[in-house]
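Attaching a single structure in structure tokens format; questions to follow.
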Amino acid sequence: MAGWLAGWLAWYLVSNTAHNLEVRGMNTGFGFIDSSAGFDTDFKLIDYTPGIGTYGQIFLIGILNTLLVSFMAIIFSTVLGFFVGVMRLSHNWLVAKVALAYVEIFRNVPLLIQIVFWYIGVFSLLPVVKKSLDLLFGTGNLILNNRGFYLSTPIPGDLFWMTSVTFVGAVIGAVLYRRRARKIQDSTGQQTKTLLPSLAAIIGLPLVVYYLTGQPLAWDVPMLKGFNFVGDTSVPPSFLALLVALSIYHAAHIAESVRAGILSVNRGQQDAGMGIGLKPGKVMRLVIIPQAMPAIVPPLISNWMNTVKNSSLAIAIGYPDVVSLFMQTALNQAGYAVEMVGMTMAFYMLVSLTISFFLNIYNKRVQLVER
Amino acid sequence: MAIVNTQRSPDRPAPISETSVVGWLQRNLFSSVFNTLLTIFMLFIIYLAVKGILVWGLFDATFIAENRRECYDKSLTGACWAGVIDWLDNIFYGRYPRDQIWRINAGGLLLVLWMLPMWLPRVRGKVLVGATVVVFYPFLAGYMFSGGEMGMLTQIMASGAIVSFALIMANMLVGLCKDMGLNSFVLEVFGKSKAADKTQRNLLLALVAALFVPAYLWLSTWALEVISWTKWGGLFLTLVISGIGIASSLPGGILLALGRRSELPVVRVLSTGFIEVFRSVPLITVLFMATTMFPLFMPEGFVLNKLTQVIIAVILFNACYMAEIVRAGLQAIPKGQFEGAHTIGLGYWGTMGLIIMPQALKHMIPNIVGNLIGLLKDTTLVSIIGLFDLLGMLRSISKDVPWLGLHKEPLIFGAVLFFIICFSMSKYSRHLEVKLSAGEKH
Amino acid sequence: MSDTQINGQLAFAASSEVMIDVNKMNKWYGSFHVLKDIDLVVHKGERFVICGPSGSGKSTLIRCINALEDHQEGDIIVDGIKLGKNLKNLDHIRTEVGMVFQNFNLFPHLTILENLTLGPIWVRKMPKAEAIETAMMYLERVKIPEQADKYPGQMSGGQQQRVAIARFLCMNPKIMLFDEPTSALDPEMIKEVLDVMVELAETGMTMVVVTHEMGFAKTIADEVIFMDEGDIVERNKPTVFFDHPEHERTQKFLSQIL
Amino acid sequence: AETTLEIVKERGHVRCQVGPPSPGYYNLDSDGNWYGLDVAVCQAVASAVFGSKAALEIQSVSSQARFTALANGESDLLSRTATWTMTCDTQLGIDFLSPNFYDGQGFTVRADSGITSAMELGGAKVCVTTGTTTELNLTDFSRSNDLGISNVTFEDYNVRDDTYLNGGCDAVTGDKSSMAGNIASFPVPGDHMILPETLPKEPLAAAVRHGDSQWRDVVQ
Amino acid sequence: MSDTQINGQLAFAASSEVMIDVNKMNKWYGSFHVLKDIDLVVHKGERFVICGPSGSGKSTLIRCINALEDHQEGDIIVDGIKLGKNLKNLDHIRTEVGMVFQNFNLFPHLTILENLTLGPIWVRKMPKAEAIETAMMYLERVKIPEQADKYPGQMSGGQQQRVAIARFLCMNPKIMLFDEPTSALDPEMIKEVLDVMVELAETGMTMVVVTHEMGFAKTIADEVIFMDEGDIVERNKPTVFFDHPEHERTQKFLSQIL
């Protein structure tokens, strides 16, 4: 019954649309995807040459840019959000108030204004190209200026493989070390700090090997060529501004969700955790947070989705995300509004549904077993 | 060895030793070396920020000028507030005819007065006040803002609005002066406070009806000039859209959340699908589809007021978010509460309405407010249908020839406005949260 | 002696009408067989005590009677209505069957008074003033009238338990199920609660009480059943049950009382 | 079906769509009235149909919704903005009228940058706004002269200008007609100059819905 | 007789070291004066019983001792450490003081076994295998080894209480505070728990037990205090306390026992 109704409705809408489009002489179709787009963009993760590259490629560039910035923003905002949310409940007055101020300030000002602020007010005010900040003490390997963030491209020499091997070895070693620490805890109860030693090994060992083998790496140092530094890997300031703004804004929202979740856990649980002698931090980690998760997860999912969607505000500061690049520039060049908006919507829908699919599974798992 | 305490210790009031300012500072700001350093560091940051802001925004700023050049001539390093001041009418009322602005002001004042009792401690019947605002106020305000012919329904509801407003004001006065509800006061005046429930109810109903008739007649004498919604704008439009959105997305969200947890598969699947689809696309694309694609899907000649379309889209969209928040709240309620409610014989709706929802919503207040704040900010998207809401207006200043390029000051002004509105919302919510958690052990 | 007297009378009055009829009922949690072939008849006005070691299925049994848990086999008929999936019937049963939970389940967001008046006002449709009056009356009975405006979170364990009992007294149901109603109470309070329950019984209310408090069980019961591992092991008059238990398991159980 | 003219007459006013707000073309003044070139076009059409400038509803529609709004009948005409190109004409279901405004595109640079010609912009970052053919022209210019200019695109030209002023770009490109006004709004106008080159730009025209020649003639 | 014997011995062994020293302690909830001028000394290895009517402040007192609540006046010194704002000290105290809550407060997201091993693993830094072994041992002591993989939500009230007790036994603290440890237990289980506690006492553990179970109190206690309305009304040896209470209030209270 419902199926029939839905089928009829779909047919009705489609036929209406087809009729309307025909009457108004608008063409449709996805042929434009293969036609070449005549414009360029200043940040792309795939090869693209203006004039040859197609709209399909433009779509892909936009998607990748959106995914890149929102993925990083999601990670930062979640970590920061949990941190601030827990801070909000601190018994230290100052810490609690700082967290409160953070939440109030960043939650209550429209994101758009914040993005513009970070862009114009912070990242554009970095030194101009000629006075670039050299973050690696004059080696020119890491350059920050108001045009972006430049990394030099390494050109590996003969013995460089040794450094790489050491690095991989160190990573594997760190993983094993972690496992072993777990095992040691299981068998002797000793808790070993794993984070610092592993980091030291992962960073330190390859460095040692690198210098021992005689620094077998030439750097394609970013060069001041004409107006700009030219080095392969650069990130525009609009990316940095967007990333910072999104992370900070959503962290404020997540912090409130986290706080709400924690407060929804029965107070007796904290008593019991303290009662068996756990330190406040461990009570939080082992007892409170796991129980708060059912109340945190749904708003958290919404927040992640929002991050992806809000990244479309990038257009205000010229970061080429999918909306700005495809639904704006490309649409203006080629027309095909229905198709292009449709494709953009489909993309967002796919991302969001994926996020919510996985988190819903997780959500099921964190439900408490109750009588 | 045995101790027998024949003397009973008397109750004593709690000590007030820990209340002095110095003690407070010591405990909260300088309790350890680390805390002291932190405090000093924070103070330094605050000092820098405040100083910068004051110099740019106040001491070096220009408040009176004809155009931007004049601002520059007066000061190159300070803000130019003159443009914002020049545009204030636009910012607050949009393109609303300047001689009709009193209508907006009157509507706003009405709302403030109406809601006032909710903040006052001694007044009774707060829930009723809230309910009448949601049910009646929109009709009266809607007519005041748009004017023109009044339909039958509008007239009835608007009369209802006038009656309930009058009653609420009376109730507030009675509450403040005599610390009792209006109903008991009226009954007392009529000497019926001991009468049977039924007589009391009939008397009160009759009184309300008696008030309704004159209100209805008086309303028919009103004739306000028509003002098309295309002229609405600025803060006014922002508040209209978000007000409607806020008032309706919470109920919508609750229904959807209940639907998603329903035991009937059809309801569950439909609600889940609806929620997942709507919240997975950006509002801007939904609006775009709603306003420009919608006419393509419909039979030729089908028209729907665009503002209405936008409002519907905003409501649906936010209801989906709200639904997820409510669901999270529901998940946190222990099963024992459902059982407790069942055993005293409450049905599904009774259980939900009286036991579960109040607890779930209380847990979720921070999220709900976060969402409402988001909603307020989402209204900026009405620019897609050519309306200029608050942000749209602020961004237009820089395109007006005298103020060409003036965009930072308006944005900052907007940030402050938004901050004031949103902050008062979150402040009120925090107050609610504290009030509602009075019962918890701390 | 006077005890058995009262019991005798009540038992007589009771036999007229069957209020709870459990018939070859079986229940599993997953693969764990909690209740095994339970047969049980409780008449109107009877005071029925269930005792037995911890984990033997007592709570589960009365939760089944109150339709809070499904059972997989057999029938449960309460107040003439057969328990099943029919929601309408469940509503009726829940209105007529009150239950005091082992862990109270008070509503934390409502004051004590609101906890007590909620049911009468919304389910029994009682005028508010009257509901408050009744509630205050029962609060006085359980000796905490001055706590009416506190929230459950601000009360001691015993006080909460008393509120939980008063909550159901206010509903004035036909059947009351008590799950260890005196576990958090001190001897004085146990006595008080006992008095309240005896009075209730005299108004003809049917009661099923799970308790470990043997003194309490002795005083109140018309009939006692002893459960062990999901089985009803022994069913007897209290005098016989406590003084000359017939089953070995019961004897062992009772011999442990300090 | 009815002709557009009949529909318009029946409704009593013309629905005229203008582009995104931009100085000179159209904007609000501080009293909430519209003004500018685009608005003048709309007003002219309104007087032609009704004999009154006021029989007009100005619609400001975002750039994505622009053509569809015209095609689906929400607007009666599009006063400017759409630049006349073959693709647009055939694909979008709208007709362009003969061009009413010709404009060229120019560059602004800092006076102390030492640049005197657009040909010296090799490898530079140039700030540009999206949603116009300006962007496309810039790309073409860069490609045909092998300059390797990289575009930094913005939705809002204020952000574009600020980026330029803070040194985020070496040059700004835009319509030559508005360039001078733009520079005048900089804190120190004398620090900036317009380069001599003018890139040819397609003319601007009004547009109406495809297939209604009567209405098209009226507007013309 | 043998009871007093043991008590006498322990009391002797105990007197050597003061474990808990409460000195003119006062506590308010808002303006409500819950605990009034409490003076209390508990020696090492002593078994100390607190009884009193519901709402008299027993739970509050032991929550204060475990630093779960602030007090406003007076001192509490536990294991030589004065309770105050210093977090480091609190950690130490909480490690050495175990507490069984009146409403159990098990961790609902962890299985029984995880509930029991959490403390040993993370606080005592015990190897996992060993922690599990200890946990299983105590689970056997409280007769529910087969339930190790269930979640608290799946257990009966008495089983939960036993887990709560086992959870703190696993921590092997110096001092144990019990808040009505037998409220949900049946007579058999009470006996078992009692045995466990007597054994513990023999290992020299200090215990403070809030209980309404007079038989239990009688058997276990070295010393009994009786509280009423925030006051300690009587403090006495159990033999004297139960047979010849000195204070009128105590007499009245004890006369109510069924």
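Which chain is which? They are A, B, C, D and E, in the order written, and residues in each are numbered from 1.
As a convention for this text, a contact is a pair of C-beta atoms (placed from the backbone, for glycine too) under 8 Å apart; a residue touches a chain by one contact, two chains touch by 3 or more.
According to UniProt, the chain labels map to these proteins: A = ABC transporter permease subunit; B = Amino acid ABC transporter permease; C, E = Amino acid ABC transporter ATP-binding protein.
The structure displayed is predicted, hence computed values, not measured ones.
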Problem - Partner chains shared by subunit B and subunit C (touch criterion as defined above) - result: E
Handout entry: Far-end chain from subunit B, centres as C-alpha averages
Key = E
Fill in the blank from the handout: If chain centres are mean C-alpha positions, then the most distant from subunit C is chain D
Fill in the blank from the handout: Ranking chains by how close their C-alpha centroid sits to the total C-alpha centroid puts first chain B
Exercise for the section: Starting from the mean Cα coordinates of subunit A and subunit E, work out the distance between those two points in Å. Expected result: 51
Practice task
Compute the distance, rounded to whole Å, between the mean C-alpha positions of subunit A and subunit C.
Solution key: 57
Exercise for the section: Compute the distance, rounded to whole Å, between the mean C-alpha positions of subunit C and subunit D. Expected result: 81
Problem - subunit E, residues touching no fewer than two other chains - result: 103, 153-154
Exercise for the section: Going through subunit B residue by residue, note those that touch at least 2 other chains and give them in order. Expected result: 27, 31, 288, 292-293, 295-296, 300, 335, 408, 440-441
Problem - subunit A residues counted as touching two or more neighbouring chains - result: 20-21, 23, 116, 120, 266-267, 327, 337-338, 341, 370-371
Practice task
If two chains touch, include that pair; go through all of them.
Solution key: A-B, A-D, A-E, B-C, B-D, B-E, C-E
Fill in the blank from the handout: Interface with subunit D, subunit A side, in the complex: residues 20-21, 23-27, 38-42, 50-51, 116, 119-120, 124-125, 128-129, 146-147, 225-228, 230, 236-238, 315-318, 320, 324, 327-329, 331-338, 341
Practice task
Spell out the part of subunit B that touches subunit E in their complex, as residue ranges.
Solution key: 1-6, 8-9, 11-15, 27, 31, 335
Exercise for the section: Would you mind writing out the residues of subunit B in touch with subunit C in their complex? Expected result: 197, 336-337, 339-347, 350, 354-355, 358-359, 362, 436, 438-441
Practice task
Over in the complex, which subunit E residues touch subunit B? Could you list them?
Solution key: 26, 28, 30-31, 33, 36-37, 72-73, 85, 153, 229-237, 240, 246-247
Problem - Interfacial residue positions of subunit D with respect to subunit A in the complex - result: 1, 63-65, 67-68, 71-73, 87-88, 90-93, 122-125, 127, 130-132, 135-136, 139-140, 142-143, 150-156, 159-160, 162-163, 166-168, 170, 209-211
